[in-house]
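Lettered A, B, C and D in written order, each chain numbered from 1.
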């Protein structure tokens, strides 16, 4: 079992619901401080978005953040260098599109993740069927491969994915790209289908944008991922304080 | 022909042509891609479906399009040139072949709506056309910059009942229109088919679109035989995503004909690209040193795509087909030459293939060779642009 | 069918259809008209010529054009409507049929140059196209106002190697372009053929152009039979000079099919005109109380002609064909309806015929009737204009 | 024989070369005075152009004059009324396009010409083959039908035309519409071909614009017709004096 999964299973065993905020690396010069603020406010793990020019699974907010990060010159290497400044005990999980790793080299990418303190990776455009090579590259570097399950996934696929995912299983609440939503989604159903075939920790993401949504989602799962709503704050010029109070609000709602 | 290999057969069961192709899509879209694959495989082996497809192509689409001997150009260049006239198909290019197939398949799958991406608007107009004919709803994603440059095509699509959505993300051109169509498809995949416009995207699109375009090559090979040409020495086609080229190549893949794809110099995925993953496929892409996708730049909107269909990447790697690039400066001249000598104003895309023939006659193309030019589309859509360019030059 | 009369046969030896037609030209042009008549009669009975004509129409012009069943519109209107798809012919309308015939005849007569008149530019582009293909010089006369309104078509003709001469006399539109072409023809008649664009002008033009367009009706009648329609109840075509109508009528003239020509209300020579002599023919013309020719006004440039071909005047007088007029206001709607329901954007000219069908379904056209619509051209040339009109309305 | 021809044969017999100026009726309010001035300066007959909207055989000058005349409201009836003011002994010949007479009625037109003092008519778009009805209408009203021969007319047509024409035969000097020209044309050849088959008076027209051209043309024919050059003077604002000196110049050149 990869270290990430060991950690997250232990977290679940402790009775704590996981709160996983998402940041786009490099979107501001001080983005690492935002990560620290989130940890300080009670995040259990952090998703580090590596910006890509063509973020097919992302809505306008994360698109915009990725564009700004790229325009600021962010690269896989540069953000890894930035991460060296980060001192935190919570796990970091990379999130990006497959071309970034494909181009950097799979073996080399996995090594880089590991050496930069990222113990997992979410690659939304890399489905199970195409993931063999990447998985073996990760195997050598203790990088957990986190797969998504969608509301449209049929039972047989859910079963394969739940078996293959490492660290946790990402349950998409909605048939939509990342972004805010008022719709409560189908997270509960997706989680129960995953749980029927696997005991891997299962977190709900896609469209969780308010503490209330996070509370509801975490009550039926092992944790929640909060992306666009947080990234929006940073796009609006919010600093570490704003991040801390935003994440803190989610923490309190989940823990209530 | 390279040894005993057989080309342009179906890809492997996960959609690979050699190391290219595949299906790199979000999990949310996997079921739709699988459903589509199943539906396509069934339909394509069901003669009711293929008969209907051919009937609509004939009655509505204007097929078969003729093969025209280009007498005067042939004489000038010392070649025997024939043109497969996709410019005479309904809506003015080969794009209609694919959209008729896909909209029929949409109905067969019980879906009531199609979405599509478009660059300059050719595929968007074709999709809107087929959707109108089939009684399907239609939404077309088009980069905001393109909606401004091609306002008349936006209006055409609207006349045909489609909703055109300007895409404001990224470079606001074709590449982003594909991204946006994919994003939207996630939200409506149950009742909506994504009618992709070229031999690109996730499996089964590259294969399916090639099959739906292969009627070009099938017809052309028979028509050339009727004109006394057993096998042309070369087949030349322009390559954006690569659908017209794939369609015509398919008729000659397992002959000794040289297959030549002509890219725009500013969008030359074979010449200047490297392997990568975008829009659901592994193929050759224009990208920077960090794997960020680069924009293509070409005088012709239809070749303004930073990638190429995965089967072309495979044909290039295997040596079965050859790919060359033509710069903007030679394209206008080629358009003028074909207009003047043969009375056919080609699309700017097609003019790339013409330019290569003009350039290579007596060089890469030995004098006396028999050449099939795939005349993928008509230039009516481009004359305003060409006029501006020539004015600016004079 | 009216008694035992036979329709659409050759005119009398001086070119009369009943009291219409004839040859009202300056003496200077009489020899050329006689030479042309002789050349045409010989060529048309020479299978080498007619084979070549059909071959070029096939290989270059895109014939046969299909007959498309208009399923959705038929269902909406309670009719069985079929469209003969001249919009799919090269250059986008039936005009190519005539110019291919006339340019071949030009070469046969040993002439090296053609001149033509054009209104919006369709016939001019078609003539320039055929001239390029045949290696003939080409000069097109176009009213100065039209050269401004249709600047892109001027550029198209120039791309095809033609010289476009703006005509500054009279109303500076189509009627004056014909006058000017006639004037110029006088000066160069030895090496130059005047490639007239419709079934009008002096004998043998109305007859010759009808013969060269009759392939429309010949094909359509066979194609309908293959679709199980022995004889349509109605054939409907728009009428400017009347060449597309004459061409399609020719396939049904001696059947019991009702032949319907639709004029623009502002150019309705049958509805509002009276017999007169213009442009070399006796026909129905729009004229004032003193015999001065009036300008036609129509939303569609191709119907903006104050006369009608003499054979139509005869068909109207004899009752064999019926002519109705449609006003501008109904034309745009018809264009929208056909686009939305069938995925075909028709030319504004054609939209007149569509509008009449929409208006008369269940009235003059009994429900259940089988209707052949001659879809004379595509609307690409008109979309910019339609967009302006719809914008101004909204 | 129509009176016009009797008159013109007598003129020829007298040894005088005919000078026939052309006027567009109604181009100015005082156009009849211009006609009088021409007669005064030595014209032997006058061509009266009846304006038509679509003058297919005319060049820009006469086109423009016809347009002005039409815009001023000139009609067949109105110009006939104007002609009542004219007192002259020389014959008047109408020149117009067939639609004017066709529309007015052939019988009625011929009668109107006669009653207005016009003893001949030139209808350039009415070739012999179509002229039967018009000729019989004219027969009843002593209106001479004047036909044109063109440089392109073959021998058999010249022969038929020369036999059919009445009053005189109009020999076109050039393959062109009316208008000035520097080219001397083929008038001499055309005239000699006509003379080979007929003794009808034969006048050269089309492009005669200078006294020198007129002298040369009249030396090989029985007279000349002068159109555009004269009409141009009137378009330029010239008055009766200008007409008189212009026509006088031609008269002297011819008589030299």
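In the analysis below, contacts are C-beta pairs under 8 Å (C-beta built on N, C-alpha and C of every residue); 3 or more make two chains touch, one makes a residue touch a chain.
This one's a predicted model, so the numbers in the text were calculated from it and none came from an experiment.
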Practice task
Without counting subunit C, go through the other chains and collect them into connected pieces.
Solution key: A, B | D
Completion exercise
By Cα centroid distance, the chain farthest from subunit C is A
Handout entry: Separation of mean Cα positions, subunit D and subunit C [Å, integer]
Key = 37
Handout entry: Whole-Å gap separating subunit A and subunit C, where each centre is the average of the chain's CA atoms
Key = 67
Fill in the blank from the handout: Residues of subunit C that touch at least two other chains are none
Exercise for the section: Could you list the positions in subunit A whose residues touch two or more of the other chains? Expected result: none
Completion exercise
Among line, ring, star, complete and other, the chain touch graph is line
Problem - Pairs of chains satisfying the touch condition - result: A-B, B-C, C-D
Completion exercise
Contacts from subunit D onto subunit C in the complex sit at residues 52-60, 63, 67, 70, 75-76, 97-100, 102-104, 124-127, 129-130, 147-154, 157, 161, 172, 175-177
Practice task
Using the touch definition up top, name the residues of subunit C that touch subunit D in the complex.
Solution key: 14, 22-32, 169-170, 175-176, 179, 182-183, 186-187, 189-190, 274-280, 282, 285, 287, 290-293
Practice task
State the interface residues of subunit B toward subunit C in the complex, per the touch definition above.
Solution key: 58-60, 62, 65-69, 72, 85, 88-90, 92, 128-133, 135, 152, 155-156, 159-161, 335-336, 339-345, 380, 383-384, 386-387
